[in-house]
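One chain, subunit A, links the two complexes that follow: it is found with subunit B in the first and with subunit C in the second.
Presenting the complex of A and B:
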C-alpha cells in the first residue's frame, strides 16, 4: 500500500529532502523589479554573449545550475539526477544543458508548472532512498517564448491588458538526503483542469481553475487551514488569475486572501514596468522561489510555504485547431521546522 | 544514503512494481508488419475519426490508456498518477489525454526515450511507497511527427537511406504495488550523450552512443553479462544505429549481438515496407513492448528483458541554429522470476 500518500493527491515525506542550495539568475527587466536585491545574479544583457535567444536561455540555465552546485560545494559527479524543463519545443534549453553537465537526466514538461513538478519528483527520488542529491531547475526567456508562442519581436504587436510578460529567469534548487536547509515535507500533484478558456492572451484565467483545484485538494488532504502557511504562492496567474483563484477557493470554503500572493505579481512593479497582468513563464516561480523565498526560509522570516507553480498546457497547434487551454498546478510544501 | 542505488546510474527496486496490464494500438502500416498478431488493436484509419493528425494521435493514446485500465478492471479513480509524453510540441497528445482522464499527471519529455523514462519514474513512485497504481504511456504518429519535424506530407520529399519512419502507435502500461505480472526490477537512467551528429535524417547514429553508454553502464552497475538477458532491446535506432551500438559496445568489452535487437527493426519488414533504416518515435518501443514483449513475458517465453528506449533531443530550432543532436537512453529491466 502507498504508505506515504495522504488524502487524494498528496504525499507526506518520511525523510523530507533538504534544499541545501538555491540559485537564481534573471534578466535586466526582472532586475529592475521589486525583488531586485534578492536575485543571486541579474544579467546586464539577456543575450548572455550568445548568438540566439535560445542559446542565451540555455546558457543562463546552465550558469544557474553550476552556481547552485558551487554554493554547496558539489560537482556534477556528486549529483544523482537532474530534473527539469523549459517552455521551448523539445525542451531545447534544458536538453542542451543536461548534455553539457553530463548528469543522469529526466526531462519534464509541465509548462510553467515545471519547477514544482521537478521539485516533486526530485523529492520522491530522495525520500524513497533512490538518490542523495538531485537538481531541480527550470528557465524561461521573454524573447524565446514570445517568438515561439506569439509573434516575432520585430512585429511589435499590441498586448491586451490580460496578457502576461514572460520572465527571463531561471532557478535551480539542490535537494539532498542530508545537510541543512528548508525541507520539502509534502507535495500535491495536480490534475489537468480545463474550463474552456481559449484566449491565449488570458493564460491567468486558463490556469486559475487548476491552481484552485490543487490548493483546495492540498488543504483537504492535509487537514490544514490556509493560515498554517506564511505564504501560499501561485506561479504566474497574474492579476486576472489571482482574483479568480481567490473567488474559486472562497466558493470551496477556503479563504486564503491573507496569505496568498502570485510570483508573477511579485516579480514586476506593474505600475512602472508595463507588464499588464504580470509575469509568467517557468522561470517566474523558479527565480522568485530560489531567489527571494528561499532566503526568507533560510533566515526563518517565514517557516511554512506552499509553492504552487501553474502551467498552461497549450501549443500553437492546439490553439490553431480550436482547442481550449488546459491548466495544471503542482504544489510543494517547504518548511523550516 | 541512497540505499537503492547500485553502481553509477542504476536503481535496484526492493519492492519491484508489477506490470499488471499493457495495451497497444498501432496504425495500418504497423499492422502489416511482422508483429501484426501481437498488437492489441490495429487502426483501419489512422485519422481515428478526428479532423487533424494531432487530434487523431491524442485519441489513439487515450483509447490505449482506457483499454489498458479496462484489461485490469481499473478506472481513473484507481490510478494514483499518469506519467508520459509524446513528440509533439508541449506534449499536445498527452496533455489533452490527461485532461480527459483527470488523473494526477506528470508530463515527461525524453523524445523517443519517453516510454522507459515514464516506466522509470512510475516504478520509483511505486517502489518508494508513494503510489499503488501508475500509468506509463506514450504515443507517436507518422503524420504529426513528419509535419512538425520535417516537411508537410503533401511535399512528398525524398528520404535518404539513413532516414527512419515514425511509428503510428501507442502503448500504455499499468504498474502496480500488488497483483501479478512481469516485474520492473532495475532502471538505469541515461545521461545526454552527443557525438556531434547533425544530420536529422540520421537519428540512429545520433542516438546510438547514448544507447551504448546506458547499456554498458547498466551491465557494469549490475555486474550482469549480456546473456543474462533473453533480449536487450533498443527503442528505435534502426539499421544504422544498431550496427553502431554493437561496435561501440564491443569496444567497451561487451558482446551483446546474440541477444540484441531494436524495436524499430522489429516493427516493420523493411524488405517489403520501404521504411529505410527502420521505425522510430515514442510509440515504437511503447507498442512493441506493450504489444509483443509483454505477452512473451506473460507466457514466460522470455524471462529477463532489458528495454532501452532511445531519444534524440533535437528541435527544429536547434537544428536551424547549427546544433548537433543530443541523444539519451533510459533502461528498464523486466523479469518474470
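Presenting the complex of A and C:
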C-alpha cells in the first residue's frame, strides 16, 4: 500500500531527505541581475574557455556539482546517484558531465521543470532507503538553447514582448538521508496540461495552466493554505505566466498573491536588462533556488518554500508541425522546521 | 469532450491574447521606415557617385548591391548587425542586408560542427526557405505572364 501518498498527486516523506549542500553558477548577464550577491559563482566569460557553447555548459554544470560536493566534503564515491538534465538534445551537457564524474546517473528531461523533477525522484530514492546521498542538478545556457530552439546568435531579429530569455546558469543540490539542512517534506508531481497555446514566443502562457494545476492540487492534497508558505515560487513563467497563474488560482479559490513570485522574474530586472517577459530555462529555477532561496532557508529567514519548476514540453519538430505546447510543473516543499 | 476542450482552448487563447503585452507597432514601423530609408539613400548616393565616375547605371547598381551585402556581412561578423536589426527591425531585415545577415549568421554559428556538415549543411537554413519560395513564385508569375501576353 502506498502509505506515503496523500491526496491525488502528493507524497509526504516519512524520512524527509535533507538538502546538505547547494551550489550555483550563473553567466555574466545573470550576474548583473538583482540576485547577483547570492550566486556562489558568476562567470566572467560564458564560453568557460571551451571551444563550443555546449562544452561550456557542460563545464559549468560539472564545476557546479564538484563545488557542491566540496562544500559538504563529499567525493563522487560518496554519492549514490546523480539525477538531472538540461535542454539540449540527448541531454548533452548532463550526460557528458556524468561521464566525467563517474557517478551512477539517471538523465531526466522535463524541459525547464527538470530541477524539481530531479529533486522529487532524488527524495523518493532517499526516503525509500535506496540511497544515502543523491545529487539533483540542472543547467541551461542562453547560447546553446538559442541555437537549438531559435536562431543563430548573430541573426538580426526582433523578439516580441512576451518572449523570454534563457538563463545561463546551473544549480546542484545534494540530498542526504542524514546531516542537517532544509528538508524536502512533500512533493507533488504534475500532470501534462495543454491549453492549446502554440506561440513559442509565449511559453509563460503555455506553462501557466500546468503550474496553477499543480499548486492547486498540492494545496488541496496537503490541506494547507497558501499563507502556510513564506514563498511559492514558479520556475520561469515570466510576467505573462505569473498573471495567468494568479488569475487561475483565484478562480479555484486560492489567493496566493502575497507569497507568490517567479524565479524568471527574480533573476533579471526586465526593464533594465532587456529580457522582455523574464528568464527561462532549467538553470533558472535551479540557480535561483540553489543560490538565493537555499541560503534564506539556511539562515532561517524563511521556513517553508514551495518550489514549482515549470516546463514547456515542446520540440523543434512539434513546433514545425504546428502542435500546441504541453506544459508541466512539479512541486517540492522545502522546510526548515 | 473534444468540442468542449476546443472551446476552452479558444477561450484561453483569447484571454492570453488580451493580457499579453503587444509590440509597439507604430514606433517599430517608424524606426523601420527611417532606417530602411537611410539604407536606400546611402545606396542611392553611392550609385550616383559611381555613375559620376563614368560607369553605366546598371553596373553601378550591381556595385551598390555588392557593397551593401559586404557591409552587412562585415557588421554581422563584428557582432553589431543583430543589435542594429533589433532596433531597426524590418528596416534592416527586408533589404538585401537582411539576406546577407541570414547567410553569414548560420555560417558563424555552425562552424564548430565542421565546414561540410556544419557550415555547408546549415548555410541556407534561414535564407533557403526564402530562396525556394521566391524562385517558385517567380516561376508561377512567369507562366501566368506568358499565358496572358
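Keep this in mind: the second predicted complex is superposed on the first by the 337 of 337 C-alpha atoms of A that agree within 3 Å, B and C clash if a C-alpha of one lies under 4 Å from a C-alpha of the other, contacts with A are read in each partner's own complex, and residues count from 1 in each chain.
We take it that a contact is a pair of C-beta atoms (placed from the backbone, for glycine too) under 8 Å apart; a residue touches a chain by one contact, two chains touch by 3 or more.
Predicted model only: the values in this text are computed from it and were never measured.
Novice: Under the stated touch criterion, which partner chain does A:98 make contact with: subunit B (first), subunit C (second), both, or neither?
Specialist: In the superposed model, A:98 contacts subunit B only, not subunit C.
Novice: When the two structures are overlaid on chain A, which partner does A:65 contact: first (subunit B), second (subunit C), both, or neither?
Specialist: neither
Novice: Classify the contacts of A:243 with the two partner chains as first (subunit B alone), second (subunit C alone), both, or neither.
Specialist: A:243 sits against subunit C, while subunit B stays out of touch.
Novice: Should A:52 be classified as contacting the first partner (subunit B), the second (subunit C), both, or neither?
Specialist: In the superposition, A:52 touches subunit B and subunit C alike.
Novice: With both complexes superposed on chain A, which partner does A:286 reach: first (subunit B), second (subunit C), both or neither?
Specialist: neither
Novice: Looking at A:110, would you say it contacts subunit B, subunit C, both, or neither? Reply first, second, both or neither.
Specialist: First partner only, subunit B.
Novice: For A:203 in the superposed arrangement: first (subunit B), second (subunit C), both or neither?
Specialist: Touch status of A:203: no partner.
Novice: Between subunit B and subunit C, whom does A:85 touch in the aligned arrangement: first, second, both, or neither?
Specialist: It touches subunit B, and subunit C stays clear.
Novice: Please name the chain, subunit B or subunit C, that touches the greater number of residues in subunit A.
Specialist: Residues of subunit A touched, subunit B against subunit C: more for B.
Novice: Under the contact definition given at the top, report the residues of subunit A touching subunit B in one complex and subunit C in the other.
Specialist: The overlap between the subunit B and subunit C interfaces on subunit A comprises residues 51-52.
Novice: Of all residues in subunit B, which touch subunit A in the complex?
Specialist: Result: residues 1-5, 9, 11, 51-52, 54-55, 80-81, 85, 88-92, 95-96, 98-99, 102-111, 117, 120-121, 124-132, 148, 177, 189-194, 313-318, 321, 323, 326, 328 of subunit B touch subunit A.
Novice: Considering the complex alone, what residue numbers of subunit C touch subunit A?
Specialist: 6, 8-10, 12-13, 15-16, 19-23, 28, 76-77, 79, 81-82, 84-86, 89, 92-93, 98, 101-102, 104-106, 108-110, 112, 126
Novice: What residues of subunit A sit close enough to touch subunit C in their complex?
Specialist: Those in contact with subunit C are residues 51-52, 147, 151-162, 195-197, 202, 205, 209, 239-240, 243-244, 277, 324.
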